[in-house]
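The structure that follows is given in the form of structure tokens.
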């Protein structure tokens, strides 16, 4: 199967996705159906959109740095750098091929290292559509995003190395398997599931893994009172959290736009630019919904909720950023913003301690976005979407739980109570993120 | 009128702007004048340059976060996120069409929601030049920039919701109206005004709106002594302000480069790359002028002035980034840098409290840049430029003042004196941007 | 000689680099060998990759802001803004032509201002390959990078203006001369040296200049005890350092990717996308090697070393990002990460005070990367590489030392001991980076 | 010789400093503190959960003064710091057994 | 009237505040400090160089109390702050010669 | 038993700490403070407007010592902290009525 068919989407999208083949065949001398120009455009789209998604790693790092206490900031920075490294390496070593090689309607691909092959293109046949490397690059940055989601939820109490082991398994096994079901052309794809850029395959996968981690790890000391009360633990730097959100918003143009997988035809250009504006206005919807709702309920706007709202809007639109009108995209995002305002305190009530709200943002809004696809895309059905959500959720939650539990009962996943008081930075890294500022204040 | 003709610039530029039609008509089989390849390039230019401009929202957020006191940092972050959301939504609901639809030499377009149409392109006729969505995206991020300018000037004392109402009116009515006069093909365009990427239409518009806001709102408590003395109020984080400036500098390649509106021909590629280096060296000029001048006058280089100088250089070149030589562009930017060093204390003397220097940067340098166009562009006249500056300035200042005054005498625009002491973060949001650091220091 | 031949690389690469000429000659009506489409693609590559490299200035600013003490943060911000300005200006005034004009196998070009000429392209002959401006832009941002490297090493004690004088000489004379030897088509290029994107020509040049500066300037007061002990001086903000590293990582896709100098053919697209993934995985190698090594040696992972490790991986791959396999690229980067963990304490032992580790990252890993080229590129020889490393190193170290010494014995390069205690921000700029936070803590 | 320690609202610091300067007191040491008192803190909501901020930002002044100035200094601080609203702060006074100016080695009243 | 000054471990602050509230003491002033003591700081490695962190984060409480409460307040703080591990901190007591509530002008025990 | 409170220039802290260690004093509490004194602050220009920075960064040390050490500790601090330039700081001394070590419950000189 041609690499170009990877992540070929069903449900009415194949027309667009394939359009690169049909047009721009401007050089009659060339044998294949895809012109060299289209080949370059397609590759360029992966590269540009790929580096935008890569930069989301910085966005997650800043968002999470801003939302943890300063005694854990250096550790969360280290986790964000190292998870990107681990995820990228594992996706090369086994993940990519486990997701895309020889899935053929089944349940997983082939666990072996990836290697690219551009012989056809070099010989003048551009029907592969784009370079193997640009495709790998774009797919790789997606798996890093999934891992970033987990780090935020389990922050401030998880041990560094066990966390990285989890990330390795996630990137090498869990993410590729569910990915293969759909984007690898597995059973879900055959069944008619639709998830354009990964509301389920990326965001919910990260969210489920985070959720199982949060439950198994337990809450941070002091988060919940003995009497069941919830004690908020404000983050250390809201401008960094805001910066992180803006970086993620920027990265999302790459995330959703690049998922068109082609830029070689006018139809692709139309699709990607439609995706851009829908993606943007969904975030706008998330922002405004979260603002209005927190103002109404709490009489004050909560900045952290608004940031979460923007991201929830983005996650919501990710399953179908190409089909809605601007107005629908706005509403889809706004519902995401509403959901996050409801989900965050709900998780608190369930005594699930999600430090940055990642479960509410990526899992809850991811489910919503996936289920909302049939509203704007005739090719998708509610039943099909529900099947996908349930199957992916079930698999990821169970698989993640097994990994977390194995880690818990072997090397342990949680820092000691004393180290938690002291902060991971001092306990695990032996340094401080802001060594010059007073430390005592952290408990005032 | 074809969408492609939007923002068609007069004064000798039409040749370049139209060049996309004339060349790359490489596929004889196609009916129209624009090839599919050119269509994709044009669209891609809007998308890439558009996301760079979108990221300027993060730049403004960081610049302003760095230049306000920490007790107002969370609020300024919230304002920057929400103004981007509000401006983007309003530009969809009425702004875009008010600016571009059926202006025909007149004073405004049609106030109705935007909707894109790519039927021609899908039918194989690419004479529209680019996708409707990419155009909308690029125009939308410009209006967000205008709104960001205002937020910096009126920071630390304005109420959140009335501010957002002002932004909504700005994006829906004020900006589109003056925009229609020129880029929408209205009377200013017919008269021969020239403003390539918006020294007047974007930056001065933001600057005038900010100025009227600052005057009507009054200065921050403590900014001016009873004896008329000026009391500086240092910003909380200069590295964030520096980061913001760099992000804005990066975004300006999109701002000016994308305003070529096309990349479909070699002539466009030449124009855009010329714009890039002129834009860059104008900022360089602004930086060096501000450095040398503050060193000479004050015997010390003032980092905040240098950051303002960079931005002033960028604003100055924005009216004509395509026509100057590198040396002229450097000088145009340098004059901008000089102006900002003069304007900032001047505004202080006038008891106008502009928290981040946005009026000096965007309005003063914007006027300078607009008036400087005839120096490097034969198609523009000094009289024509002056007419544009005055007309736009008069309209925006009056319209903004009306809006501010209506808000002032209905819902009120200023936080109470006590809330101002306490800081908007605690008073309006009930949280702190840096909850862990000492707060008392803020008045030391 | 055509501008397009600038930075034409030897050693088997010319095939790829020239490929833009050979293909996409899709319009039979055109006279030249390069199509307009290829011309636009090539120019676009320079523009996109150029703005990514430009943004590295922000990366350096944040990295260095995070690694100096807060009393020197505003100054390092100012230096990073102003060095970018000075370097860019000098490269225009003399640097570019000194590097590229009329080198002809010799030792330097022509010291005169740059000016672009696109007459051929405007006349329909696209054999120049890309616009003159886009080429200048891409080359200019490289010299700014070199200057940024120096600022980090000599931070916290150097005087502002003498530093900028050094940067001016570096950008106008030193960098262009060694650059001309290779990328300008001088003697090194003829001899068979290979340095794809500048492990030696950019990073080592910056590293040697930094090293000579650090030696001549001496260590910060308090860095080394009278008994020869090393006293660590922790940086003020590790999240900013992390952000800076991520921005640099992002920028490196531009740095290495754009150095392909073309995107006009499928072969170029393949090359650039290969470069992207190799660049990325080399950084991954650097991160993981630094993590594992610091864990093994010190029993704790050192975040600052990991950040340095990422950058060392990137520097290591820069000399040949196009030829290795993913696995080799990973290993090349990993060795870079190992080297940095060894070099940092080694420099300390030599009493060379490198504030941010720039010598270890850019010089040590730069040498390694250059020497490693023959491992993956048959066109390069170990002897040739060694010659290049030695010649460039010798020249830059001596030339830089002369400049530093002249400055030292005329205007002086070091702030007074009292000013160093007080911090450059107060002493040189008269302001504070974080005026609201406690200052006394800086010595606790 | 007495040490006067006053806890006041942060935005009153400049007024108090000026009031003391007027009295000829030109030495004091200031610390950022957080205060807990009758002014009970405020209930806030963060991410949907209510909580009380117990400690409020205050500024602590330490002013060493000659015995004969003690009364007037306390009065001056009290007058300048008062808003009449809860949380205005407290002024505590201690005896001091000695004082020394590091620069000159002077002691006693000379050193203030 | 005495001033009790206690240096404790930061994470014990909430426990101490609650213990004092239970005693009816509803005023205190808190400062972030760094402490040096028998708890010798810890050796760390930063960029390959070993060094000792001499000063550890602590929190300082100042609580002014009526004479008859002094004993019980000291005991309450000690009980709430104790972990039994080195570095738990110290409680110092001084005499205070006067106190004034800025808001009302009350003095003496009334002002506490 | 006395409490010695010294306000010094921040960069002298390490020297003072070492001087005290040499005397066998191995306990102290340090606070970041801002000082106002004869060292009049400095005139600065920010964005074209002149202003005076009234408060300068200082460090405050609190050292509780046995009666017989008071003199030598004061001397040691003064010697280590002196630069001879204005703003070197002050050393204040108080009586202390009691001290308690939280960890062990020891009191009096034992507790120091």
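Just so it is clear, A, B, C, D, E and F label the chains in written order, and each chain counts residues from 1 on its own.
Please note the rule applied: contacts are C-beta pairs under 8 Å (C-beta built on N, C-alpha and C of every residue); 3 or more make two chains touch, one makes a residue touch a chain.
If you're wondering where the values come from, they're calculated on a predicted model, not measured in any experiment.
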Identify the chains in contact with subunit A as well as subunit D, in label order. B, E
Which one of A-E, A-D or C-F makes the same contacts as B-F, at least in over half of the residue pairs? A-D
From the C-alpha centre of subunit B to that of subunit D, how far is it in Å? 46
Would you kindly tell me how far, in whole Å, the mean C-alpha position of subunit F lies from that of subunit A? 52
Using mean CA coordinates as chain centres, what's the subunit D-subunit F distance in Å? 18
What are the residues of subunit E that contact at least two other chains? 30-34, 44-46, 55, 58, 94-95
Touching two or more other chains - residue numbers and ranges from subunit A: 26, 37, 44, 48, 234, 237, 243, 298, 300, 302, 304, 430-431, 437-438, 441-442, 444
If we use the touch criterion from the header, which chain pairs count as touching? A-B, A-C, A-D, A-E, B-C, B-D, B-F, C-E, C-F, D-E, D-F, E-F
In their shared complex, at which residues does subunit E touch subunit A? 10-11, 13-14, 30-34, 42, 44-46, 57-59
Could you pull out which subunit E residues touch subunit C in their complex? 34, 44-49, 51, 55
Given the complex, residues on subunit B that touch subunit D span 421, 430-431, 438-444
Complex contacts: residues of subunit B adjacent to subunit F: 230-232, 234, 298, 300, 302, 304-305, 341, 344-345, 348, 357, 441, 444
In their shared complex, at which residues does subunit A touch subunit C? 26-27, 35-37, 39-40, 43-44, 46-48, 50-51, 54-55, 57-58, 61-62, 65, 73-75, 77-78, 80-82, 84-86, 88-89, 92, 113-116, 118, 121-122, 126, 130-134, 136-137, 140, 160, 237, 240, 243, 428-438
